[in-house]
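Note that the chains are named A, B, C and D in the order they appear, and that numbering of residues resets to 1 at the start of each chain.
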Amino acid sequence: MAVIFQLAVQGAQMLLVLLLAPLLIGFVRKVKARLLRRQGPSLIQPYRDLIRLMRKEVVLAENASWLFRVTPYLIFAATWVAAALVPTFAAGLQFSWTADLIVIVALLGSARFFQALAGMDVGTSFGGIGASREVMIASLAEPAMLLIVFSLALVAGATQLSTVAAFMGSPEVGLRVSLGMSAIALVMVAIAENARIPVDNPATHLELTMVHEAMILEYSGRHLAMIELATFLKLVLYVSLISCVFLPWGLAHAGAGPKALALGAVAYLVKLAVLAILLAVFETAVAKMRVFRVPDFLGAALMLALLGTLLLFVSRSL
Amino acid sequence: MISTVAVLLWGLAALLATAVLAGAVSRRAFATRLVYGTALVISAALLVTVASHLASNSGEVSAITLPLGLPWTGARFRLDGLSAFFLIVVNLGGTITSLYGLGYGQHESAPHRVLPFYPAFLAGMNLVVLANDAFAFLLSWEFMSLASWALVMSHHRDEANRRAAYIYLVMASFGTLALLLAFGLLAGPAGTYAFDAMRTAQPGPLAAGAVLALMLLGAGSKAGLVPLHAWLPLAHPAAPSHVSALMSGIMTKVAIYGFIRVVFDLLGAPAWWSGVVVLLLGGITAVLGILHALMEKDLKRLLAYSTIENIGVIFASLGLALAFKANAMPSAAALAFTAALFHVLNHSFFKSLLFFGAGTVLTATGERDMEKLGGLIHRMPVTSFVFLVGCVSISALPPFNGFASEWLAFQAILQSPELPQWGLKVIVPAVGGMLALSAALAAACFVKAFGITFLGRARSAVVERTHEVDRWSLAAMAVLAVFCLLAGILPGLVIDGLSSATLPLIGDRMPVQAAQPWLSIVPIAESRSSYNGLLVFVFITISASLAAFFIHRFASHALRRGIAWGCGFDQAAPAAQYTAASFAQPIRRVFGGFAFRAREAVDMPAPGALEPAHIKVDMHDVAWETFYQPIAGAIDFATERLNYLQFLTIRRYLTLVFLYLVILLLVLALWP
Amino acid sequence: MTSSTFDAVAAILFIPAGAAAILAALPNYKMTAVVNVVASLLTLLAALSLFITERPAPGQYLLVDDLNIVFIVLNTFVGFTTSVFSASYIAHELETGRLTAPNLRFYHAMYQIMMFGMNLAFVSNNIGLMWVAVELATLTTVLMVGIYRTHEALEAAWKYFILGSVGIALALFGTILVYMAAQPVVGAGTNAMVWSVLIDKAAHFDPALLSVAFIFLLLGYGTKVGLAPLHAWLPDAHAEGPTPISAVLSGLLLNVALYAVLRFKLLLAASPEAIGPGPLMATMGLTSLIFAAFMLYRRRDIKRLFAYSSIEHMGIIVFAFGMGGPLANFAGLLHMVMHSLTKSAIFFAVGHVAQVKGTQKISEIRGLTESHPGLGWALVIGVVAIAGLPPLGIFMSEFLVVSSTFARFPLLAIPLVFGLLIAFGALLLRLTGLAFGEPRGGTAPVEASYVPMYSHLALVFAAGVYLPAPLVAWFQHVAGILG
Amino acid sequence: MNGLTFDIAHLLAGSLVLVSFMMLYQDRLFALINVFALHAMVLALSVAWQAYIQDAHHLYITAAIALVFKAIVIPVGLHRIIQRLGIHRDIETAVGIGPTMLAGIGLVTLSMVLMLRVTPEADPLAREDLAFALSIILLGLLVMVTRRNAVSQVVGFMSLENGLVLAATGAKGMPLVVEISVAFSILIAFIVIGVFLFRIRERFDSVDVGALDDYRGERQ
């Protein structure tokens, strides 16, 4: 019985992230539009876009191989699984022990790997631009992310997100300079990973500046829908990751009663909204940077993360 | 009851006999099939023997002493957990490589230069792992080098190959001499060269430090530890591809075995700083190796450099194990050690797979230069698929095997806070960062390798004519691909298998994983960290197929082929694609400065001018220029100076004799 | 019984001497070659018979003990194989007209005289006699080195002759000094020159005299061992003489001189106050090793190359004996035997190469494994062996030398290893050029037989993997004698 | 033995060293050869004296060889060669006379120091003889290395060998002395003939580099 309930919760979470993802994007866009004094598209516009894409026919480049057609599903699957493993409203779900933070990061890595390959499959220079820039960004973002994971794990003594979240919620965390650094680094990484301004502009299609869009330039129809959805999921993932690690309040524990779970869900939605607004504000405030400034940006993130890790020992044992 | 070692030795004797036989018949048509077939059978037999030995009585030691080799020591051979594991690695590699050779060998231009040495090489590697005294060890070690040297030399008409082989063997014998000195220290003045005797004798701290340093020189130069790696990217690609696979995938592991055998087994309790040294070397090696790989456009050289990276990862884990062992943290040490061994196994899988892939590409197109390839995925579907699997595994992406061992290594790194020494506390996470960086770069590197070679459009005419290669090669690669997946989704079983190797050396083992629910792996406690490759795999498959199902159920099926978007220019020439160099350019900009002292010189014609723009990049192999060239220069200088002594007149020679006599007499006169 | 063994010793001496006389008389060269082979074979058999028959009591002039049996057997064996090789080789030289029939007769006669001289040096129990014998062997080789009568050959022979003569003089003075040291103890007369007597009484000799004596002996005989800086004659003598003689020089004559040095080392070691011979020899050995290693790089003549490698290996051997101790001495003996076998095999190969390619210039010889597989691979094996790679014999001795040295005197092992590595680099570099690459030079088939070459290599290989227990016990005993 | 015999032996040996010095001083070939003849003569005398005091009659043979062969035959032969080769007027020292003399003195002192370390119990005559012999040998070598000309190097070698004979005869009851002196005479004959046959005019070997190359095979 309990197991069934657990499974239900797990499934609920999977569906939740899937359904919330477009909404979050819509919300961010809406807020940005409002900050620019525009009306902006409606909140559910992303859903409409996805459905429209589904209906459209796929125009496949002549040179596209099977890899090109399989990739969207792989990306979607990898991202979805990863997103489903991050505690959103409840920690310690049935399958949370399947993967810890490192695995989640790696899953996103696999998604990126295939996306870059797909970008190169068609054999245009745009795909190449996108792929090479993407892997360059990743080659800095991933280590930064892992160092963040290290410092979290070294504090909480675990890489298991539920445990980390529980620990961060508990009073013995205290206020640590290194955690602050990790938080900042995590935000920076999240921005880079989700191809947001100032690293990349999700709205642009100016060839020379785009990174993520360049890779998926040749995608259309249902394939594009899959990829778009995966991108949305990724944002949700990072937002819920930040929230569950650095704002773990109200996070229910699976197996807790429906009431706690509902409470957790509400808390989660609030966190999402807050972070989305922050993101929108930030994005409107800053300008996109040149591609070759990105390494400095991420290098800073990397250094912060490393510093955070090293300072741990100072701040803990002394 | 004949002991397992004896059986194994008989097998090796058979291998050597095959080598001799091959020498006799190597120019016949049937020789290729015969030799590789025999090697296949024998290696498989050896594999089965070791496996059954492990299964029947794991950890039990079986030793034998033959009246060969060093007279008063005899040639001693011993099969324990560690050697059993490495024997499995070696013979698994041997079996599959022979299978591959059955097909690939048909395309060999000079079989009589490959066939005799191939079985000898296999036998040499086996002997190193079995050897139980210094002499037998070094003899097999150098025999292994010699056989592989001959194989590298097999296409000797190419100047580059000759140079590669030369540098390789010089470095190899440098390593051997270092090992020789190390064993000299361990054996002591009495010359007790048996490993059993060395095990009991405990060298002093200074001697132990010297031995560690010498082992790093000796085994490190064989494994390709920076800065001793210079020979590796030259020699490995120069050999025929299946031999490259053996050298890169297996021989480097034998070198690692040597390091483990001496440092973990013979040397006794390590000092904590030894962990620091090995850790740092490992981390630096990993990063530099993969950066070099990223800059390569020769497919096989790229693979060779990535071997250096993986060696670095393994050494880092070993250093971690040393550090934990030195601080009496057996469980953590066992974790790190297991991670290292696991990665040894994995690397032997996917590196062989990738070299096989490169070999098939080479036979199909005759090209190693990625800039001339591209679009092979249409011509060679199977090869490209298995190569893709290899790329995913080596890039440490779940749910494949490369990730599992990488994950274990990270888990081991996370044990570092318990270490008492501040140096270690600080260095271990830093090295962890290096490993993370190298993993990310590895992914980038193999996106490039696969993307440029197999994807996109053909960059040269050769690709149009290519087609899929023979069944043997494909079978070999398919088997390895399956192994990569299995080791990735069932890591628990592998970890349990490794316990028999870990237990005797570390004194502890990782908790039994097979008992875990759903076959997930849990290094310490589920609450701390756990990973379930199987479930991840299942989830991805399910959700992907769910998505696919959903799409095909509800979305439109319409599909149309159209030309790719080229800013309005239709059918841009294949040359317009990204090349390997241009793909690596952003990363070169980021890391090239310190790693290669890379300089870019762009001459951009004035706007409106019609002449093409040029970009010139010059990169330096820092290790080569810092260590090798000065040494070569010094030797050259010395020879030049001394050479005058060949051209003196007799009177001058007499003067030499005379002066020597007078000096000696003076010494005698001043003798107290 | 004793008489029968004395026959063995006598045979070792008289067969070559008699053969020399016959050969000097025989007109036709084919016959001479055969006689030469037969005589050498008989000598070898006689030497082997020393094992089965009981040894003669050391007399005033002759002595057979464990130490010199090693040398005698090695000497006669290589002498025999070389005679087989030279039979076919010299015939070819005759066809190409580098030699004439009279030359040949002279050559074979000299060959036997040289064998006689060397055997005499080994069995002589009298330091004066030993001196005479060594000089006899030297002078015969001088004559054979100059046999081609070319400018280079005469040049080389002359250099060899002059430096050799000075060596002779120094060695003689050393011998006289030993006598002077012995005479007050042993009393005047021949007894004061009998080694077996000297070694017993050596403790009472005057140490200062002995020390001076040893220095002169070391330099005198060391000149013939080819230790740097006394080596000058060696490379040219090897390069310009007929190849069989190069093989004999490297394989045997150096050993003869080495043997003399060893005898006197023992004598000196027996007298406590005298200077220790060990450090002196170790230093000279190390110097020669490193010097020769560097000299290997710039060699353009293939025979000169391997001549320098002989200097290098003599350096290793002398170093090993200088180090002393059971391990090092064992290694030294083993290394000496292995070096003789390998180096003569290499010179056989080089001889074939020079004949088929018609040149000794390294730069003009390429891709032997392509053009002459049998020959090329033999050369590869030989060089691999001489470079000290397993599974061949020299590896074992170098293994023992290096490891034991490092365990005892780490600081000495570093230059040793350094020298070995430098030499290895040079040899391998040249080998790569010679054996591999696009074939260059003549492709004429080899008439001469490969048998001596391959039999040596086979022995070296066997020794590298397996040393029969009796041999080991025997060597260990000898190593014990050498202290 | 009584003082007189000792003194005579001592005197002869000492004068031999003195003659060696004279050889060092010569820079003309003829003069050098003449001095060497004197050297040989003194050697003959001292050997004869040794034969007399040790009443070892075989030593007379050595003395005779020294007198006939070294003091007469060889010098005459060398004169011939020199005239044949037309080099009798050459001044041919590689090192200046002065330094050579200094070096010679150094060598003599060295040999003295070495030999006086020998225990006094040893036969004093033998001791002195050894000291002188050693210095003669070293001086002979010095001549060899400081002279460029083949002939004078031969002369140096012969004086060296005289030193050996002196030592050998000084050693009481040493066997094989005669044989050795004979052997050496033959050796020297070889050398002289070699010098003559090979027409080695100036030196044992040319110093002009071009010639060196084709002589020594190396260096293309």
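Here, contacts are C-beta pairs under 8 Å (C-beta built on N, C-alpha and C of every residue); 3 or more make two chains touch, one makes a residue touch a chain.
Note that this is a predicted model, so its numbers are computed, not measured.
For the pair subunit C and subunit D, chains touching both partners: B.
Across B-C and A-B, it is A-B that has more C-beta pairs touching. Centre-to-centre spacing of subunit B and subunit C amounts to 44 Å, using the average Cα coordinate of each chain.
Averaged C-alpha coordinates put the centre of subunit A at 99 Å from the centre of subunit D.
Centroid to centroid, with C-alpha atoms defining each point, subunit A and subunit C lie 78 Å apart.
Subunit A and subunit B, compared by their mean Cα positions, are separated by 35 Å. Counting only residues that touch two or more partner chains, subunit A has none. Contact of a single residue of subunit B with at least two other chains is seen at positions 646, 650, 654, 661, 665, 668. Across the assembly, subunit D contributes 114, 117, 141, 144, 153, 204-205, 216, 218-219 as residues in contact with two or more other chains.
The full set of touching chain pairs reads A-B, B-C, B-D, C-D. Partner subunit D is touched in their complex by these residues of subunit C: 128-129, 132, 135, 139, 151-152, 154-155, 158-159, 161-162, 165-166, 168-169, 172-173, 176-177, 179-180, 183-184, 188-190, 192-193, 206, 208-209, 212, 236, 239-240, 298-301, 304, 360-361, 363. The touching residues of subunit B, when paired with subunit D in their complex, are 646-647, 649-651, 654-655, 658, 661-662, 665-666, 668-669. Across the complex, subunit A meets subunit B through its residues 54-63, 65-67, 73-74, 76-78, 80-81, 84, 95, 97-100, 102-103, 106-107, 109-110, 112-113, 116-117, 120-129, 131-133, 135-136, 138-143, 146-147, 150, 153-154, 157-160, 163, 207, 217-218, 221-222, 225-226, 291-292, 295, 299, 302, 305-306, 309-310, 312-313, 316.
Subunit D contributes residues 94, 107, 110-111, 113-114, 117, 138, 141-142, 144-145, 147-148, 153, 203-207, 209, 212, 216, 218-219 to its touches with subunit B in the complex.
Considering their complex, residues 158-159, 162-163, 166, 170, 211-212, 215-216, 218-219, 223, 229-230, 232-233, 235, 275, 280, 291, 294-295, 297-298, 327, 367, 369, 384, 387-391, 395-396, 399-400, 402-408, 410, 413, 417, 420-422, 424-425, 428-429, 432, 436-438, 464-467, 469, 472 of subunit C touch subunit B.
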